[in-house]
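After the structure tokens below, expect a handful of questions from me.
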Amino acid sequence: MIRSELGLLDVDAIRADFPILDRTVRDGRPLVYLDSGATSQKPRQVLDAEREFYERHNAAVHRGAHQLAEEATDGYETARATIAAFIGAGADEVVFTKNTTEAVNLVAYAMSNAATAGEELSRFRLGPGDEVVVTEMEHHANLVPWQELCRRTGATLRWFGVTDEGRLDLSGIDDLVNERTKLVALAHQSNVLGTVNPVREVAERAHRVGALVLVDAAQSVPHLPVDVAGLGVDFLVFSGHKMLGPNGIGVLWGRRELLAAMPPFITGGSMIGVVHMDHSTWADPPQRFEAGVPMAPQAVGLAAACDYLSAIGMAEVAAHEHALTEYALKHVAALDGVRVIGPAEAEDRGATVSFTVEGIHPHDVGQVLDDRGVAVRVGHHCAWPLHRRFGIVATTRASFYVYNSFADIDALVEGIQAAQRFFGVAPAR
Amino acid sequence: MIRSELGLLDVDAIRADFPILDRTVRDGRPLVYLDSGATSQKPRQVLDAEREFYERHNAAVHRGAHQLAEEATDGYETARATIAAFIGAGADEVVFTKNTTEAVNLVAYAMSNAATAGEELSRFRLGPGDEVVVTEMEHHANLVPWQELCRRTGATLRWFGVTDEGRLDLSGIDDLVNERTKLVALAHQSNVLGTVNPVREVAERAHRVGALVLVDAAQSVPHLPVDVAGLGVDFLVFSGHKMLGPNGIGVLWGRRELLAAMPPFITGGSMIGVVHMDHSTWADPPQRFEAGVPMAPQAVGLAAACDYLSAIGMAEVAAHEHALTEYALKHVAALDGVRVIGPAEAEDRGATVSFTVEGIHPHDVGQVLDDRGVAVRVGHHCAWPLHRRFGIVATTRASFYVYNSFADIDALVEGIQAAQRFFGVAPAR
Amino acid sequence: MQLETMYQEIILDHYRNPHNKGLRDPYNAESHHINPTCGDEVTLRVTLAPEGDALDGSATVKDVSYDSLGCSISQASASVLTDLLIGKSVDEGMRVLDEFTALMQSKGHGEPDEDVLEDAVAFAGVSKYPARIKCALLAWMAWKDATAKSLATEKEGAS
Amino acid sequence: MQLETMYQEIILDHYRNPHNKGLRDPYNAESHHINPTCGDEVTLRVTLAPEGDALDGSATVKDVSYDSLGCSISQASASVLTDLLIGKSVDEGMRVLDEFTALMQSKGHGEPDEDVLEDAVAFAGVSKYPARIKCALLAWMAWKDATAKSLATEKEGAS
């Protein structure tokens, strides 16, 4: 992949792979897509891989002995190996889910299933007196399932606070993560603040007291080189649709021996050992956690997305986004009346910039931007408690990816200024 | 759609829409695809609709205020309305899941969640002394989740037997479905026997004793006109991939007032009312049951599949398959040494023909067929207890759809004879 | 630039100078509504005056007051609501609500009845932006809810 | 017609006339394996004879007997297994198992060592058909399991 100045990727070459980026919106405005944090666009290569599966190899995987079924199974399992390699994992440690949300729920429900099962599952068991620890910056997907797990089992939910700068407040870690802690669940990268959390440090403390650690990597795997071994955690989850892949596929990675010991979540076909009318036994992982006909074409598409990102190089992706983040922090935060929620520096920070504009509601900021072709997200971004923490209801969020350039950020800045003029809050210059 | 003689569809015209059916397997043999019971092939129209979504309208639905997000949301909700209309339901009664299996688990887990919740959910609550009733012909997807629900709650699982002819044995219904029964779950059409069950009759009995009724329509919605109001049930589930639609999408239909009262299953973003660190409330259905970024492109693809089937006409689809079934029952069952498992007559019976061949294991039958380009499924087809009921380990299953013709069945019959010759069990003629 | 189709002058005026904002006593019932996608909130109070003996659809909407947090559209629509509904009977108010809801669901193709909707016709442009319809309806849903509560409380009291 | 690459004459012979089929006493350990996709089963018994004092890898596989339900490939492979392993030491048997497993995973590209695998080289063609590999390995996994159990039981007894 050719690079231009400033450590940036050759965005023009990349954009040529994304048909949607050529379209216009709102009466002919070129699209400036700054909502990749919600979902990314998909390159031709991913769409082609999925279609090729449907048009040449489609069959139910792991269920047939005919040639199409063999090819489909091979495509599915090869995709698993590619995706596993992308995060430094073994293929048998990668479970396909429909998205990050299901992956988190899988672990949470497996733990409640363990609570009604025998002694052999005590490692996953939770009850009154036990604690689950999350953070105040979690996406609802990594918060509500744990609230519900605690409700079902009688365990207690506790959480790390967030500093004014938008960093995890680790000052109380030794109290918060203690002998009663059974699991710590935290985001690798915040989908609002951009903050990259010191996962390794938290994991070390958690392991010292015997707790399991789950990392929500929905916003990190797409943007940073992630190596599960290096992170030192037990479970890691992410979604395909945020990393150039198809919708409808996500990943749970889990340490081999944990998956082997863990009870299933969704039950049905293809995850069983034997089935009698009155009882059943389970297959080994990853099959144990993949009941029903899986999303094989989407797995193949996600593998193509991994290949696409690997061809660019994840270090290059991260460097590109770092440059964009520095540029955005500089130019957006410099606007009068604009307050960036999240770290002011680009270190340990991803390419997500959330902000408020004094005197204009985020919905109205977003509307003016949309009118100019600039697509951002407005609202609480499924991180309502985090917004409450900062005393605000909502923010406007711009999030960047491989196909974004400095020019896109210029368009954002001009759009914010236009909103200020339109609503009559333009600062005198 | 033009029809040829015998009430059959114009298969040549239909096949032209399915690129994969043109391919050859095993050294140039034309593909004869008789495994639609496992998963169907997809017409160009479905693949095009999905791709058009990705290339023109892709965004996270229900989460943005920009034009792409509006278009994506509109596409997703229009798809929901189309799919709902296809089964005679209201759009707000249709919940998207990843497949049938998840849809069954959704109801089963909602019921265990109700068991740890307050009095207002007593309708869904289950405990020791309560009973859940299934049948001996269920797919594992409609059996194992209920075993697990009973394990979690202390309720008892009971089941209808199957007659030698492969029909549901209703003789004990008044004993089996009684005041202790909380839920009856049964297949609309068996994926092995082809049997279409008298769902309405069972539902009437269940409702008389106050039990809920869930119908596994994975094998009926693709093949028969299905009207949820006419069936008189409470929940109905099916998968997109078996009805010309994409993988990774399924449907739970539920009666409006039940969905409104039911607690959620998977929790996370977009299914909430408000979220605080220590508690959350839920959105109304269907959103309550759709946590996370959904599979919008697949929903659009499934709607295109419904449109495709509606253009043919579901009555015509059923008539076509009825003719194929009669033809197959006549010619396959007539072979020496072949035993069809399931009703011998095509009445109340779908286009699935499972059989054993004396002296040849189903795997070996399947291999010979595969060698000739005929793709069938072998094994227990995720209905292991049913096979045990018939004293067999496995069967060979041929299942038909809109793109199959009499010629495909002739190829099946010749293949079975070839297997008999190859393994030296050919009856003297 | 299509912005003006959504942000009509009337809307911006109500947004900048909202009418009847600030909670007032006494009231029959209060309701609190939240837009779960953006967190916007409204708390709205309704005071009804019975026409005859009983409090029913013939009662007069004597007062509507509210407090709210939200975008220009949700603020302006709450303000317009109070202007429109105060002084009308509950039944008339419900008709206005129906008309306004229909306009919001018209995807930009509605032909609003200006006699019924008055200033609220300015929201016609909002109906082209599906993500904003909930903003425009937030206060209206709260009014419907609070009114229903007022009537129900009265019934309970009477029985 | 590629059928013959899978169904070699040797395989069909073993299938039609299986060796050592039928469970025999005495035995050190038994194991029961099921192929969850098709329901095929094998029950297999192992009898070991210690070389010195302890039962370890140097022990001789004195007998292997089995009962099974399954397709031609799984039946033939159980039969070939007994021919190959009876009389060998456990360590030698494990080497044969490794060689056979490697052949099965070779996707049709294996170059089997005929000195080690003897009749089992006939299964080379099966490795081209992923769905059938489990059939060919079923009895071998059961043998591995039963042998491990035999050695473990002995250890428990000794301690």
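Order of writing sets the chain letters: A, B, C and D. Residues in each chain are counted from 1.
Rule of thumb we're sticking to: a contact is a pair of C-beta atoms (placed from the backbone, for glycine too) under 8 Å apart; a residue touches a chain by one contact, two chains touch by 3 or more.
The model shown is predicted, which means the values in this text are computed figures rather than measured ones.
**Q** If we define chain centres by averaging CA atoms, which chain lands farthest from chain B? Would you check?
**A** Result for the farthest chain: C.
**Q** I'd like to verify one number: the distance from the centre of chain C to the centre of chain D, where each centre is the average of its C-alpha atoms, in whole angstrom.
**A** 78
**Q** Please compute the C-alpha centroid of chain B, do the same for chain D, then give the distance between them in whole Å.
**A** About 39 Å, centre to centre.
**Q** Using mean CA coordinates as chain centres, what's the gap between chain B and chain C in Å?
**A** Each chain's C-alpha centroid was found; their separation is 45 Å.
**Q** For chain A, jot down the residues that touch at least 2 other chains.
**A** 26, 63-65, 69, 272, 274, 363, 367, 378-379, 384
**Q** Two-or-more-chain contact residues of chain C, please, as numbers and ranges.
**A** 37, 129, 132
**Q** Could you classify the connectivity of these chains, where an edge means two chains touch, as line, ring, star, complete or other?
**A** other
**Q** I'd like to see which chains touch which, written out pair by pair.
**A** Every touching chain pair, ordered by label, is A-B, A-C, A-D, B-C, B-D.
**Q** Tell me, which parts of chain B touch chain A in their complex?
**A** 19-20, 23, 25-26, 31, 33, 35, 38-39, 41-42, 47, 51, 54-60, 63-69, 98-102, 104-105, 109, 113, 116, 136, 139-145, 147-148, 151-152, 157, 159, 239, 241, 246-249, 266-270, 272, 274-280, 291-298, 363, 366-367, 369-370, 374-379, 382, 384-385, 388
**Q** In the complex formed with chain C, which residues of chain B make contact?
**A** 62-65, 69-70, 73-74, 272-274, 283
**Q** For the complex, give me every residue of chain D touching chain B.
**A** 1-3, 6-7, 12, 37-41, 69-73, 129, 132, 135
**Q** Could you pull out which chain C residues touch chain B in their complex?
**A** So the residues of chain C in touch with chain B come to 34, 36-37, 129-132.
**Q** Mind listing the chain A positions that touch chain C in their complex?
**A** Result: residues 26-27, 361-364, 367-368, 371, 378-380, 384, 387, 393-394, 422-423 of chain A touch chain C.
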